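As structure tokens, the structure follows; a few thoughts come after it.
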Amino acid sequence: MKDRTDTRLLARLAHLDRRWLYLLLVVALVVTILIEPELPEQPSLFLLPLYDRIEQLPPGATILLSVDYGPGSEPELEPMALAVTRHALARGLPVVFMSLWPEGPSQIAHIVEQVIRIEFPEAVAGQDWAVLGYKAGGEMLINALVQEVAAMYPVDAAGRAISDLAALASIHSLADFALVVSFSGGTPGLKEWILFGGDPTGVPTAGGAKGVGSPEYLAYFPRQLLGLVAGLKGASEYEEALANGHPELGSFPRPAAAGMGPQTVAHTLILLFLVFGNLDIVVRWCRRRIGGDQS
Amino acid sequence: MSDAGLHHSLEVFIGAALTLMVFSFLYRDNPLYKIAEHIFVGVSAAYWMVIGFWTTFWPNVVVKLLPAAQRVTNPDAPLPEQDPAVIVPLILGLLMLCRLWPRLAWISRWPTAFAVGTTVGYSLVRYLRSDFLNQISATIEPGLLATADSGALWSARFDHILIVVGTVCAVAYFTFSRARRGGLAILARIGLVFLMITFGASFGSTVMGRVTLLVGRLRFLLGDWLGLI
Amino acid sequence: MKRLIPRIIITVVGTLLIATSFVVKPTAGVDAPFVPRLLAYADRNFSVWFAILAVFSFALGGANLIKSHGMKVAKRRSDWPYSVITLVSFAVVLVIGLLKVGGAPGWQGAVTDAGTAFAWVFEAVYGPLQATLFSLLAFFVVSAAYRSFRLRSLEASILLAAATVILIGRTPLGVVVGDLYPDWLTFLRPDVLSMWILRVPNTAGQRAILNGISLGVVATSLRLILGLDRGGVGGRR
């Protein structure tokens, strides 16, 4: 009798309307977002080489930041783009923004608004930072930059000749950048930067990646990929490393750290769903084992 | 309220309304979701066209052919040199548009062939170098014995051996040109275990990413729209 | 003719670009033989031409959208009012973008500059729609976790075990849970184990996959260059 009740309960659980699961997820996330718990963080070995490289570059070394994502990846990639931009400017390294994605210019505008205009108002456009913007072509755009930056970017996003920009004064081709960092929402993105930019020229290439792509990029680490900021967790770790390494920055906004609470709750919930989804198999397996033991 | 403030409030309100319209799909397919979906299709196609026009077509085609056009977007800019060679991709591009007329569609294969030729010409070398040769050398280096002198821990050496074994076995799993018997079958079986762990890591990372996107939208609704955070 | 010319273009362009990787480029200003100069010209310009060509593919996409949705409206096919919405959204954004409505005087400045109507559409419409459509995947992952991921075999169990370690280890939960472990079990802490999985078995698996794909790319490229594969440009026989 009890067996039959168990089976019926499991069958009902297995056919639970998916909308209840959705509701449970939303409620759990909303509550955690409102509570905003603070959780411990520790920088991982994949991003430290990138952090250290930015720490060690001599002042004036220009970094190319390729903002290769759109709104669909913004929650994952923008926090790390903000953190890396903040880090470079805090070290006095000029940053040059470009994008392989059409949505890039608007995403670059977010970074400029949130970090440069608010935290580094003294930074001079064209000298401490420059925006080349988007060009079509994906990996072929990278190829063109390997030859000559001006071949595709005769002017910056605002229409100024790049020869007039101090930030690009020492830059003729991609190899002249001290570091290339691609915040990659997919294709074209970090993989294309490694294959068509980093490997052919030897320019140090690092990246920030969405959770979806990061395991694949790790195959290139550390020889072809200097460092990787992987997903929101990676961004949160970068924020932590930056806060510890640059106390002079004060308490800057940490969107990734704020997201880790809800992230943790959602992971726990999904793990519970995995367990419940397999409960019937586990129960059957246990019964077989117990039945076998008895016989 | 200032004009900028009003624009921002309207922006957030429309953003929130569209967000909820898309989320309504989770209950069931409905006209609100379909409206949002169709707006997205129209807006994104136009967005790409506009961005392509102003960021690439204008500065890299129009201005290169007619340098005076530079002054349209920046009256103070010096005039660049003319580059007549740009006429080639311009003609190829116009030929590509022939695809819109079924009787002329065959002409669009020429620019497509140029694009395919360029892609394969570069990809062959780049993939062979980065994803084949460099991956093999990265797996072999640092040498298994060399790490002892450089003071590496035994655990690092063990990890390195595992990477070599795992890579070889997983490649064996992808070997379909020979019957999987004997030693190859054992290697392939071990390779499958490594691949399953790889897929598990990818699945776990994917879940992480998807959750982050949802948290992003909820933060927008709770913060920007409702002002609760 | 219709089949032959595209195949010749692929072969010539592909061969030229492969050759550029193996020939020393002539120094600027120095008189060089024809072939190295030709290769240098191809290497320097073909990528730029490709990028320009890509813009026409955006235009082609837009034109196709007008064609397909326009037909749907004209013939009053099912759900045609939704196609009207698509066409109107397309036209509005195209006009305000191409005319740079609301920005600096005339056509000055970037179309995405703050203050342009185009930038406003991005923030109010395009951004929220794309972000929300992508975020729906979180719900489908939850549903899949509950209904589809079953411990039916040893392989599936290994996959799920690895995923579980990543899910716990790649959040601060991994550190919290790990702190409960005794020192001699440090290597099994979820935060440590998840990094090990990513660094060791994942790297091995990914490298094997990359190796396989790269050989596939090389083989397909060679087939296209040698004319053994039509790559969608050779037409039907």
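All chains are identified by letter, namely A, B and C, in their written order; residue positions are counted from 1 within each chain.
Everything that follows uses one rule, which is that a residue touches a chain if its C-beta (ideal position, glycine included) is under 8 Å from a C-beta of that chain, and two chains touch if they have at least 3 such contacts.
Because the structure is predicted, anything quoted here is derived from the model rather than measured.
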Along touching chains only, what is the step distance from chain A to chain B?
1
Which two chains are joined by the greatest number of C-beta pairs in contact?
B-C
Gap in Å, rounded to a whole number, between the CA centres of chain B and chain A
13
So the centre of each chain is just the mean of its C-alpha atoms; given that, what is the distance between chain A and chain C in Å?
16
Averaging over Cα atoms per chain, report the distance between chain B and chain C in Å.
3
Sites on chain C at which at least two other chains make contact:
46-48, 50-52, 54-55, 58, 108-110, 112, 122-123, 126-128, 130-131, 133-134, 138-139, 141, 145, 160, 164, 167, 170-171, 198-199, 202-203, 206-207, 209-210
What parts of chain B, by residue number, touch at least two of the other chains?
26, 47-48, 51-52, 55-56, 60, 73-74, 118-119, 122, 127, 130-131, 135, 138, 198, 201-202, 205-208, 210-211, 213-214, 216-217
For chain A, which residues are shared contacts with two or more other chains?
22, 25, 72-75, 102-103, 105, 133, 135-137, 140, 143, 152, 157-159, 214-216, 219, 230-231, 233, 263, 266-267, 270
Residue positions on chain B within touch of chain A in the complex are 26-27, 47-48, 51-52, 55-56, 59-60, 63-64, 70, 73-74, 77-78, 80, 118-119, 122, 126-127, 129-131, 134-135, 137-138, 141, 198, 201-202, 205-219, 222, 228-229
Given the complex, residues on chain C that touch chain A span 43-44, 46-48, 50-52, 54-55, 58, 108-110, 112-114, 119, 122-123, 126-128, 130-131, 133-134, 138-139, 141-143, 145-152, 160, 164, 167-168, 170-173, 175-176, 191, 195, 198-199, 202-203, 206-207, 209-210
Please output the residues of chain B touching chain C within their complex, sorted ascending.
7, 10-12, 14-16, 18-19, 22-23, 25-26, 34-57, 60-61, 72-75, 85-86, 88-90, 92-94, 96-97, 99-100, 106, 109-125, 127-128, 130-132, 135-136, 138-139, 159, 162-167, 169-171, 173-174, 191-208, 210-211, 213-214, 216-217, 220
Chain A residues within the chain B interface of the complex:
19, 22, 25-26, 29-30, 33-34, 36, 72-76, 102-103, 105, 133-137, 139-140, 143, 152, 154-155, 157-161, 194-196, 199-200, 210-212, 214-216, 219-220, 223-224, 230-233, 259, 262-263, 266-267, 270
How about chain A: which of its residues touch chain C in the complex?
14, 16, 18, 21-22, 25, 39-42, 44-46, 70-75, 102-103, 105-106, 109, 113, 133, 135-138, 140-141, 143-144, 147-148, 151-152, 157-159, 214-216, 218-219, 221, 230-231, 233, 260, 263-264, 266-271, 273-274, 276-278, 281-282
